[in-house]
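This is the structure I want to talk about, given as structure tokens.
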Amino acid sequence: MSLLPLAIDLVLALTLLWLAWRALNSPDLFRAVVLFIALGLVLGLVWVRLDAVDIALAEIALGAGVTGALLLAALAKLQPAASQTDELQTAELQTAELQTDQAAVMAPIALRLFIALLLLAFLAGLGFAVWQLWVPAPGLSNLVEARLDESGVAYPVTAVLLNFRGYDTLLELAVLLLALIGVWSLSTAPHLGDEEPEPALAALSRLLAPLMILVAAYLVWVGAYAPGGAFQAGSVLGAAGVLLRLSGWRLSLSATGWPLRLVLVLGVAVFAFIGLAVIGFDQPLLGYPPGWAKPAILAIELAATLSIGAILAALFIGGRP
Amino acid sequence: MPMLLNGADWATALVFVPLLAALACFLVPRAADWLGVLAALLILLATLGLVQDLLSDGPLRVAVGGWGAPLGIDLWADGLSAALLLMTALVGLGVSVYAPGYFAAHPQQQRWFWPLWLLLWTALNGLYLSADLFNLYVMLEVLGLSAAALTALSGSATGLNAAMRYLLVSLLGSAAYLLGVALLYHGYGTVDIALLGQRIEAGAVATTALLVMAAGLLLKTALLPFHFWLPPAHGSAPAPVSALLSALVIKASFYLLLRLWLDLFSGLGGLLAALLPELLGLLGAAAVLWGSVQALRQRRLKLLIAYSTVAQIGYLFLGFPLAGVQAEEVAWRAVLYLALAHGLAKAAMFLSAGNLLQFAGHDRIADLDRAVQRLPLTLTAFVLGGISIMGLPPSGGFVGKWLLLESAFTQGRWGFAIVVLLGGVLAAGYVFKVVGYAFTPTEIAQEGEAVPLRMQWSALLLAFGAILLGFSAPWLWPLLGVGDPFGLPIAEVGAAR
Amino acid sequence: MIPAIDAALPPNAWLPLLVLASSLLPGLVIFFLAEQRYWTRTLLNLAGSLVKLLLVGAMLWGVFHQQQYAASLPLLPGLDLVLRVRPLSLLFLSLSAGLWLLTTLYAIGYLEDSPNRSRFFGFFSLCVTATVGVAMAGNLLTFLIFFELLTLTTYPLVVHRGTEEARRAGQIYLAHTVIAGALLLAGTVWLYTLAGTLTFTTQGFVADLVERHRWSLIAIFVLLIIGVGVKAALVPLQSWLPRAMVAPAPVSALLHAVAVVKAGAFGIVLIVYDVFGVEVAAELGVTKPLALVAAFTILYGSVRALFQDNLKRRLAFSTVSQVSYIVLGVAIVGPLATVGGLVHLVHQGVMKITLFFCAGNLAETLGIHKVSEMNGVGRRMPWTMLAFSIGVFGMIGLPPVAGFISKWYLGLGGLEAGLHWPLFVLAGSSLLNAAYFLPILHRAWFCEPPEAWPEERDFGGNKETAWLLLLPPLVTAALSLLIGLFASMPFTPLEWARLIAEREFYQP
Amino acid sequence: MNVASLLATLGQWAPLLVLVVPLALAGLLAFPRLVGAVGRLAPWAMLPALLAGLLAPQTELLLPELLLGSSLMIDPIGRPFLLLLGLLWLVAGWLAGERLRRRGPVLLFLLAMTGSLGLVVAGNLVVFLLASTVSGYALYGLAARQSGARAFVVLLVLSDLLLFELLLLLVKSGIGLSLAPAVAPSAAIGGSLALLVLSVLGFGAKAAVFGLHLWLPRMLSGRAVELLPILIGFVLAAGLLPWLRLLAPGALSGDAATLLSWMALTSMGLAVILGMLQGGQQALLGYAISALSGFWLLLLSVSGGELGALMPVAETEARALAMALALCQAGLALAALLVQGARRWARQSWLDWMLNGFAVLLFADALLGMAGVLAFDRENGFMIAACGLFGGLMGQLLCARHGTETLQVIGPSRPLSLSLLAAGWALLMAGGAMIAPSGWPLAASLSAPVSAPLAALALIGVTTLSALLALARPARA
Amino acid sequence: MSSVLVFALAGLGLIGLGLYGLLVQRHLLRKVLAFNVISSGIFLLLAGLARRAPGAEPDPVPQAMVLTGIVVAVAATALALAMMLALRSATGRTRLEDHGDED
């Protein structure tokens, strides 16, 4: 067993840990966020290394991409927000805000040591448990293999995701919608200035947007045979939405009413209706009738992609329209 | 009509009705009010259907998608989950009837309350029915997020601060739970509780998983050391929301811990399986005493009720040491009774606190100016709820306290018996402190604004529910026995129905 | 409200429930009546009390002819809410039903134009429902449930005035009764775990447990007696009673003459006779300390009453000592002492309620609260003072009035049990009673009245006071005179107590 | 025929009627308009008692449901007392006059009357206790404003308590409470020391035997004239009658008897000595009564002796009857003296002192009769001492009553002659006691029933004359 | 097979670091970052061990779970950030005010 792959793995693991440590403890917030995005990317590599291509895609698109975007947007809102809301406050208060930010970042030394010790003990326990689990075990892979053809898709992960454990996915979509509702309940969308965006961004977005939409459509289709699927496609679509938003494009006022909400709700609604409709054909809940599995899954995936894209874009914008 | 629908359909309805209602309320906010109430009624009907089905032909196992246990996700409904579902349905109906009245005064909150609350309800019903660990994780996540969002609904500084802390705590809790699920999956190859129950055996993996999951769930159930987030969250949330949080949300994570303990870990044996229940019992006892003393000290009504929740949660954990050794049924049924009674009573108390807040504009206990005479229904609801919290007869709380004492005395655990009694006395202390001030006038008479009858009656009906629970043994007792939830973990595999 | 009772109950089972409902339903309806609906409220109250009186009369007649009245509602598997009417429960039932009617009349007159009357009468009816429930309890669990309900329903009555002082009195009342309730619950559950049943049986149901669980049985007895003793105002636990005098007169009349205090004494009777059985209790050696506590309470209450200037506080302390006569009668092992204790339960109720009614009249009509203000009141309110005097003679234990009969049987019971000290206790307390009651009479009848009474309210014409306020005390005074004079008639309390002792406690 | 049967049933229910009539009158007081009429009728409420005393047959009426099972009776001992009480209440009613117009006093008057009559017709001790409390507290009500009232009420409470204990002990020891002569518990009471002490102290408080007598002199010296006969009636009926019933003559024996007799002798002696020192007329009579109670107790205790024990039952009844008659005569005489003495001392006319003299003679004769009835042999030292002492008191009484009167007529008052006269009288009394038992017919006959009506005539005469004199000379205060 | 162990242990390391960061850091944004690090660590552990399955494809079920987990993490982060911003605009602080029960 050659040493090379082990070495690569070790290097990857160490960079992971180092990036995490730096991200969490760097004094400047912006650098912390950027390091976090880098961590996401390296993690994507690790997933590829572990042959979990699907997860890699999701990790990069969602973990690094969308989360990164959200963090940066939040950071942007934090800095100017400080100046915007309290113009009345004098300058030193702002500096005071920054200084206290640094000084108080760390709890007292003794407490931190104690927590560190506690965590070490906890990790040792976990490590021992993981050590026990090191023995090779097939888990449910061959069971999935055996029932794959009944599931209506060729690729096992999508089969698990949308058929065997479709109930989880339904709820997952609900979580996304819930997060959006939570965000909208907390604040209204910041009023975008209608000054013209720089020409380069406008041109780039006009070029990239259709490409992204195409990639999203392809991802949805390929999900049945290879890594891909609704979530990855959705995140790409979301990214397209973010790009358009940044380049100053806005939905017309009438569209921000119930139509937008319908799109947002579409994914969950379609999945739920199909799940319930099959009961009519005396199938168990979410059990697609034998012939119908493939088209049903496809329909669900399409609807899900659309609503995930819309939700991610809305999440990035922040407040309710 | 019920003849047509069998148990599986009721279970499906229980999860999908609130989900679809949530979507509808999100789509058409103007119609949210009556949609919400309609959904609440349907859910109650579904719960009763399920209960009737369980009573007639035993526990229900539904294979979602028809794939069966190891591969697909199963729904499992037995006495334990049916009882909690019934409580959720009743409290949910009460709060849904109360909410339109309350949010009439806060229109912008009303628009977001309904979708969040119905999603919370979906998560609750899904959690009580699910028999799959990862599915439970997703339910927990939905629950945590919606509860945090609801807490932040009031938009006040303290509300947001509390909601933030609550969100972080619940995220950490579910992350720990997920870690436990990962360990169990890779240790024993399945995430279905029934299968796990058979495959699990004492070892490092099982012990670590138990510890991690227990820590996560204790964090979300706010047992004593981890209770710091509960009082500000429940205290500063809008009244219907704090009622939901106290009565339902913390019960979900407790139910999960109970389910894991009963079906997976109680049979393990070994040092930890003996030590953990004792530890939980001690923490529970400390919670009862510390929570009650804190509640006595409070000067604001909602914080008092929140600390009372911390105390009552302590009662639930007393069940572990008392039932630990011989896995005796009485202690667990006591805990169930206490949980149900607390749910109904605490919801009634928070709703009446909401009424008082809306009436007087403040909830300082000392300045309840002759509230008994000006808000008789609300005070009656508060007192009836208080009676159940104190465990005075004829309430459900009394039956729970009686069974707990019975199991304590049969096993000779004097310490726990004394704690239970002392808890009851302290509870009487703080409930009647409030009632005492409700009788006396303040120096300057305060005029109050009218509180719609709908709000007062919903609080009162919930309180009556807590009292009638005391008389409900003839049909509740057999229900608790369905599927022998408290027996040793030998549930049968995959016999889908 | 009672889902599990099957409709096909024998008629005898409906009577106890109807007795309960006869005060529960009016109470609940009155809660929702508006304040100015005077006549509906009065009608409801009187109808409820009359119906209850008739039902109790019917049951008296039935039980006398060996009828069985029982209704049960399953509460827990193996433990039901049992209402069983036995001669013992009828004794307490007839007392509370009768005096409730009179106290309602009195309360209507007393609270003529005061606020919150619907709330008052609502809780008033609930309080009587709880008392009736305590009387008809068939097992210790039912007794516990109604006992706690009694605490809950009497608290709002004590705090009715809404003053700060009333609130504090309410807090103290609750502190005592809730802690006692907790101890009672502990004792009951512990007993249930040992005995497996809680149903009241004639010679008690713990006889076979004695040799194995001797010390736990003693501990259970102590717990139960303390739990019940607070309401029976035994010495260390009686400080709530005088402070609860802040309540309006009809409340202190009903509470201290009938509902709360008697429920406590009735509880002790049940515990000693129907839970432990008097022989077992004697064998455990717990009756002697109980008798000593009762004796000490008798003397302590009387001595404290000597120094109270406030009339109602003096009567309250007198109640503390008088209730312990019942406990003394129960603690002395013997049929005659039992008869004495049981019959005093009724006699003290009737006599004490007369005194409280008169005290209420004095307070309401002339604004007199202190004994020192009572000079020459006999001339201004002759009929009230006549009733008061009859009540006082009863309290001292002079022959024509009922108190003599119970002291007679208590003394005889003490002698029959070979003890001489109860005689000295009774003699001592009679002396003390005379010492703190006779000066009141002397002051009322033979001293010159002051020029003006503190707050005189005239009730038109030369009427002494409102007839609603005057009638009840006169009726109860006449009643205490009659049940004293004709004590041996068939349906008097004495005969009924003899019947109970012979049927229930001393099977051959 | 039906008249006879009516009379028979009337006779049967007589004892109840005696009590019911005054109670019914008291009941009528509830109606304000009738108060005046009832006030005037009140003195005559004792009429049924008088008739019952004279005509009613000896009956025992059992009332099982009244107060733990009670019974009323008219027996030979009770009959003279009924007459005595009837007369006393009649006189009291007359003397009260205007004071019986307000509702309070009339009610108390009638209650006291019922109580005292109840004492006589009581068939068992429970009814007796009831009657004694009712009469005692009613009397206290009537005399509340007088100086001795407070002491009286304290003693009342104490004596009721002691009687209560006595009754309990009697029931406990199985003796039963009936006072009917045949089954009276005299033997048993003699037996146990506790019962004896309780009965002596219990009834002694009401009989104002020395040591418990403080209230009587002060009560008698009060201004209300009508109280005097009532007090005498109360003392005799509540104090001395029960002793007679419980300690039937000849019942006591052994060391209990000697102890009791010594105690009675000392108390009587002290009463006489203190009586001598009394200034006031009424106070002196108070002590006379106290001495009489002592004398009465002495007779009962001494009469026992070995001789008594063998006495056949019929014999004891006859002697009890004779004793009762003598006591009533003494009572009447004392009442006459009291009523007579109540008026100003100075306005005594010769008619008054003649009447006084006659009353004193009557009293002395009654005492001799009592002593004679018991026919003691001469060696009995107690008897001599008793008679001597009592004689002395009588002498004092004579001098106090009319000695000064005669001296005023003869010349300036000289105390020496007074004491000589008293000593002479004492010797006369002592000699009489010695010779009487030897069957001196006069003593025996004097105590015969015939002398009672004589005393009644004297009393009625005295009261009518004094009322006339009082009316005739209202001017001179 | 060893790569599975390496990455599993790396996952544990991430969890440890994240937990330490969450407990120690007071700024809310940093806490959210720490939370994301923890979830990534757990996913690494969950899907990493999936690779133990012999044959070409790793066990698909944990992968599906991780996918769901990632989406949930994103949703949670979005909500947390929005709440932080709302708290900031309401109180001007980005730190949790841990006063006790203010009365």
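Quick notes
Per-chain numbering from 1; labels A, B, C, D and E assigned in written order.
Criterion: a contact is a pair of C-beta atoms (placed from the backbone, for glycine too) under 8 Å apart; a residue touches a chain by one contact, two chains touch by 3 or more.
The model shown is predicted, which means the values in this text are computed figures rather than measured ones.
Touch-path distance (fewest steps) from chain A to chain C is 2. Of the two chain pairs examined here, A-B and C-D, the one linked by more C-beta pairs in contact is A-B. Taking the mean Cα position of each chain as its centre, D sits at the greatest distance from chain E. The chain with its Cα centroid farthest from the Cα centroid of chain A is D. Between the CA-based centres of chain B and chain C the separation comes to 42 Å, rounded to the whole angstrom.
Measuring from the averaged C-alpha position of chain B to that of chain D gives a distance of 87 Å. Centre to centre, using the average C-alpha position, chain B and chain E are separated by 27 Å.
Within chain E, residues 15, 45, 49-50, 52, 61-62, 65, 68, 72, 75-76, 79, 83-84, 86 each touch two or more of the remaining chains.
The set of chain D residues touching two or more other chains is empty.
With touch defined as above, residues shared between interfaces to two or more other chains in chain B number as follows: 134, 138, 141, 145, 148-149, 152, 179, 185-186. All chain pairs that touch, listed by label, are A-B, A-E, B-C, B-E, C-D. Per the touch definition, chain A reaches chain E in the complex via residues 1, 5-6, 9-10, 12-13, 16-17, 20-21, 23-25, 29, 32-33, 36, 39-40, 43, 46-47, 49-52, 54-55, 58-59, 62-63, 66-67, 70-71, 73-75, 77-78, 81, 85-86, 101, 104-107, 111-112, 115-116, 119-120, 122-123, 126-127, 130-131, 133-141, 144, 156-157, 159-161, 164-165, 168-169, 172, 175-176, 178-180, 182-183, 186-187, 229, 231, 312, 315, 318. Within the complex formed with chain B, the chain C residues making contact are 1-4, 31, 73-77, 81, 115-116, 119, 144-146, 148-149, 151-152, 155-156, 159, 162-164, 166-167, 170-171, 174-175, 178-179, 181-183, 185-186, 189-190, 192-193. Note for the complex: chain A touches chain B at residues 125-126, 128-130, 132-133, 137-140, 143-144, 147, 163-168, 171-172, 174-175, 177-179, 181-182, 184-186, 258, 261-262, 264-265, 268-269, 272, 275-276, 279, 283-288. By the touch rule above, chain D contacts chain C in their complex via residues 64-69, 103-104, 126, 129-130, 133-134, 137, 141, 144-145, 153, 157, 160-161, 164-165, 167-169, 171-172.
Interface residues of chain E, counted against chain A in their complex, comprise 1-10, 12-21, 23-27, 29-30, 32-34, 36-37, 40, 43-45, 47-68, 70-79, 81-86, 88-89, 92, 94-95.
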